[in-house]
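Following are the structures in question.
Look at the two complexes coming up: chain A is in both, with chain B in one and chain C in the other.
Our next item is the complex of A and B:
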């Protein structure tokens, strides 16, 4: 931890960055911290409660964060993928940020704990199992010691997707109709997503209004499908949308299914290499095109 | 409030047979926003157009919907009529009730209902049409011709004679292409070089033609009227300005045993060489792959082991250290005339093709292809025109000609007919018989395809006057048997197997597009067919245009072509280019995408997917000139209105002016509301 404090202090003192965005300990567990004073760097923590994807603060929609000045950002592997996503889509200049990577052994499903606890099958965030980027590569500094693999959750996301897919079409439709009917259209999933970067979301377009804006099952279905499709080949699986959803829609299942489709059809996995072009803009002769009859 | 006129065309019986046009007009008359709805027998006729114009004037219409044929047919006609009646022409749209309805349905009731639906959707669309203006873009009145064969030379000459500058580029050391290798040409048997070389010289000396040989297209930017082409001038090692073409370097070169490409491998050349005596320009190139000096350098030898050519050159024109250079040319139009290559029939096959290993090409020296026979028959060839077989230099007394080697054989990968082989085989048989009076010329053919002026007479002459023996059937195997070449075939007319002891076999191999055509097509954003031939924009009505505006196609890179066709196509491209250059500005339909800078976030995925390279990033500034972000910008000169950007834009910030989101939404709604 001293390593992180010292680096943050140096970066702030020598003026490399104006603010360090990381995590700190607070009354209700770990929370995002904005450190501008070198004396405060000791507040920074990194443990299993640091579930938040802080890259959402780099999102150009949050120009109040950018106004703080050059940012030093602490990132886990999944967060680094989101940074790569922003770079890939020209939403960020790499030179405008300093990335402090932390080696990660998985995080908890829940951040609001007084103290960090060890991960177990019961408390681990299911998405951490099988993570391919526990040591972010895109970073300027990589801190911490090598971490063990995250434990296997009671039921992995892949297993849940598989279980759902094993059910007949009508049941699946009924399942998702019910899930999406809970949606209150608060758009928390969109606001917290580091890659939902549009200034004017398609959900708010009125001429024409493609998506019914009231919290009605029809509009809810349109919204949730649109959100998922807009993240196909982009979603970094940080799990923030599901964590923030106030009504508990299992968005990670939707996200994972899309990842599987993108991987199967285009051989593409989201990584933290910004040069790795996303399938939407990368035409290859061997792209599957059996939809052309 | 919209005041839309709906005009339903019977198209004689074409539409009226299955669609009740009166009922369509009647239904639309009740549609909200429709001021007038009429039907008429031929809306595109003068009285039909007059009806539209009168309705516009009488009812002060704000939009017009013509329920008739495809917009490809008559959209221009009706837009012009609207323009004449004082209505912005882009307020007029076609509802296609012919190709999309009457022609494909039998049930009159259902077809009528569908025609009403189609027309309603377009009425709803037109309600959201905005008056648009045509786009004007400037034209650079210079043309680029890629390929210096007969097609390229002809295109360049026609454009240059029309008074415009032409940049002609050729990847080989000399222009002339395949035609320069031919001995005589069908159906007149005039000497190929004799008719070609004057054109080559004319192109070289033409004040409007700038020639780059030993050069290739590296990159193409821009769009119709405004292309910027980067040309790679491959390192020639010979200074074109200093060289006087004396040939001393060739005489001095010790590497004299390199198979000559021009002689189709039957003759030899040196490492520094001019491909043939009449080459244009008469300036050698140094073949670095086979040069002794460069071989030494590749081995890493400290000292250069040769340099005799440089010593021999009195003009000090040779420089071993030149590298590829790049020149950029601004042009307004591009003609692609890269020609063909013969199907390589050996065992080592290009992807997707299966070879004719059983024909022994490349293994039996006396099995040659058509181009090699041309060189044998040519007075300037390796045998000075004597027909002598490659293995022992003897005069062959029995020559077998095999048609359709590769061509018309979908099993082996080439389904098309190469078109010229029937004719050149007849020519070969004739040339052979003219030179070897006691010889036998036996041709195995599938069908004789001799369509063309004087062509059938020519092939009949080969049989009837010159005594070529034609056997209808295929050859199964060709192999060496002692001194003879055994040909196993089958005569399908007599139903008998045929075995011939030949002295030489000539294979009429298929015509394929040149190597690298797909890469070139990609640079030019033009499409190729499954075989690699460049696709024309329309097989009948736009045969020399491509699907990229300003890029034209001539000769055998589009499909197998003979010389008259290649020349005719080339002159057609000349006419197209000169037509393009006749005005200072181009007028284009405003069917282009436009970015909403207020909502665009500049993620540039539209740029990634744009097949025409029409989208670029542009900075946006605040009122006081401070850069505050970047957005996508669509260049209206390049945009072809395909709408791919519209489909991938997450924030729905880009749309085609002629197919806005709102228009499409309204069309869908129209189908949902009125059932």
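Our next item is the complex of A and C:
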């Protein structure tokens, strides 16, 4: 931890950055922190409660953050993938940020704990199992010691997707309509998503109104399908949409399914390499087209 | 396939599917036009919406079609390498591959969604695509599952105003029962 404090202090003192965005300890667990005073850098923490993907603060529409000046951002591996996503889509200049990577051994599903606890099959965020980017590469500084593999959750996301797919179409429809019907249309999934950066979301367009704005099952279905599709090949599996969802819609299952689709069809795996073109917006002449007559 | 319209599998209640076709201006629309001017017989259940290119077809169009009562959809455009705009159909192919797979994951029968390449000279292919789509959707029946998502007329109380207080109690009961 001293490593992080010292680096943050140096970066702020020598003027390399004007703000460090990281995590701090609070009454209800870890929370995002914006450190501008070198004297405050000791507040920074990194432990299993640091679940938040802070890349959401790099959204170019958040000009209040940009106004703070050059940003130093603490990132886990999954977060670094989101930075790569923004770079890939020209939403960010690499030179405008300093990335402080932390070696990560997985995080908790639930961040609101007074103290960090060790990960177990019961408390680990399921997405952490099988993570391929526990040492982010797209960083200027990489801190911390090598971490062990995250534990296997009781049921992995892949297993849950598989179990759902084994059920007949009608049951899947019943499952998703029930889940989506709970949606209260708070758009927390969109607001927290580091890659939902449209200046004006299609859900807010009213001429014509593509997506019913009230929270009834029809509009909810339309919204949730659209949210998923717009993240196809872009979602970095940081899990923030599901964690933020106040009604517990299992968005990680849809997101994982999308990852499987682009992987099987286009051999694409999301990475923190911004040069690796995303599959939607790209094409090959010989793309699979078995579903087309 | 013969010119006869295949009505096998027609439901006893005479259900005729409503199918919305989103087609590109340059190939499939012209192909469908050719089918018409060639007087090919085909099912008349398809309403065509012409767009510049399959690349212009947002999956939301399909969702909207289902919302508005379509039992099935067709998306059709230029064959690969034939796109008037060079690459619109290649982009569409990826987009609809993902859409097709995720809709199936959510529980929509993929037979309700037909994707095809029909060139300007393929009037007879268009006829076959239409007939096959209609046969498939007719067999599946109306897409009630999607229509059931629509907001119900819940008999919301009349807005307060003159006379609202004086309304007989039975009015409320009636609204509830309806």
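Note that the second predicted complex is superposed on the first by the 289 of 293 C-alpha atoms of A that agree within 3 Å, B and C clash if a C-alpha of one lies under 4 Å from a C-alpha of the other, contacts with A are read in each partner's own complex, and residues count from 1 in each chain.
Keep in mind that, in the parts below, contacts are C-beta pairs under 8 Å (C-beta built on N, C-alpha and C of every residue); 3 or more make two chains touch, one makes a residue touch a chain.
Note that the structure is predicted; figures quoted are calculated from it, not measured.
Of the two partner chains, chain C is the only one touched by A:232; chain B is not.
A simple residue count on chain A separates chain B from chain C, and the partner touching more is C.
After overlaying the two complexes on the shared chain, residue contacts for A:199 are found with chain B alone; chain C is out of touch.
Touch criterion met: A:210 reaches chain B and chain C at once. With both structures placed on the common chain, the touch criterion links A:279 to chain C but leaves chain B unconnected.
Residue contacts after overlaying the shared chain place A:170 against chain C, while chain B stays out of touching range.
By the touch criterion defined above, A:265 reaches chain C but does not reach chain B. Shared contact residues of chain A, touching chain B in one structure and chain C in the other: 202, 210, 280-282.
Those residues of chain A that touch chain B in the complex are listed here as 60, 89-91, 197-202, 205, 207-208, 210, 230, 277-278, 280-282. Across the interface of their complex, chain A is touched by residues 598-599, 601-605, 607-609, 617, 630, 648, 650-653, 661-662, 665-666 of chain B. Taken in their complex, chain A has these residues touching chain C: 164-165, 169-177, 202, 210-212, 214, 216-218, 221-222, 225-226, 228-229, 232-233, 254, 257-258, 261-262, 265-266, 279-285, 287-289, 291-293. Chain C contributes residues 59-60, 63-64, 67, 80-81, 87, 90-91, 93-110, 114-117, 129, 132, 145-146, 148-151 to its touches with chain A in the complex.
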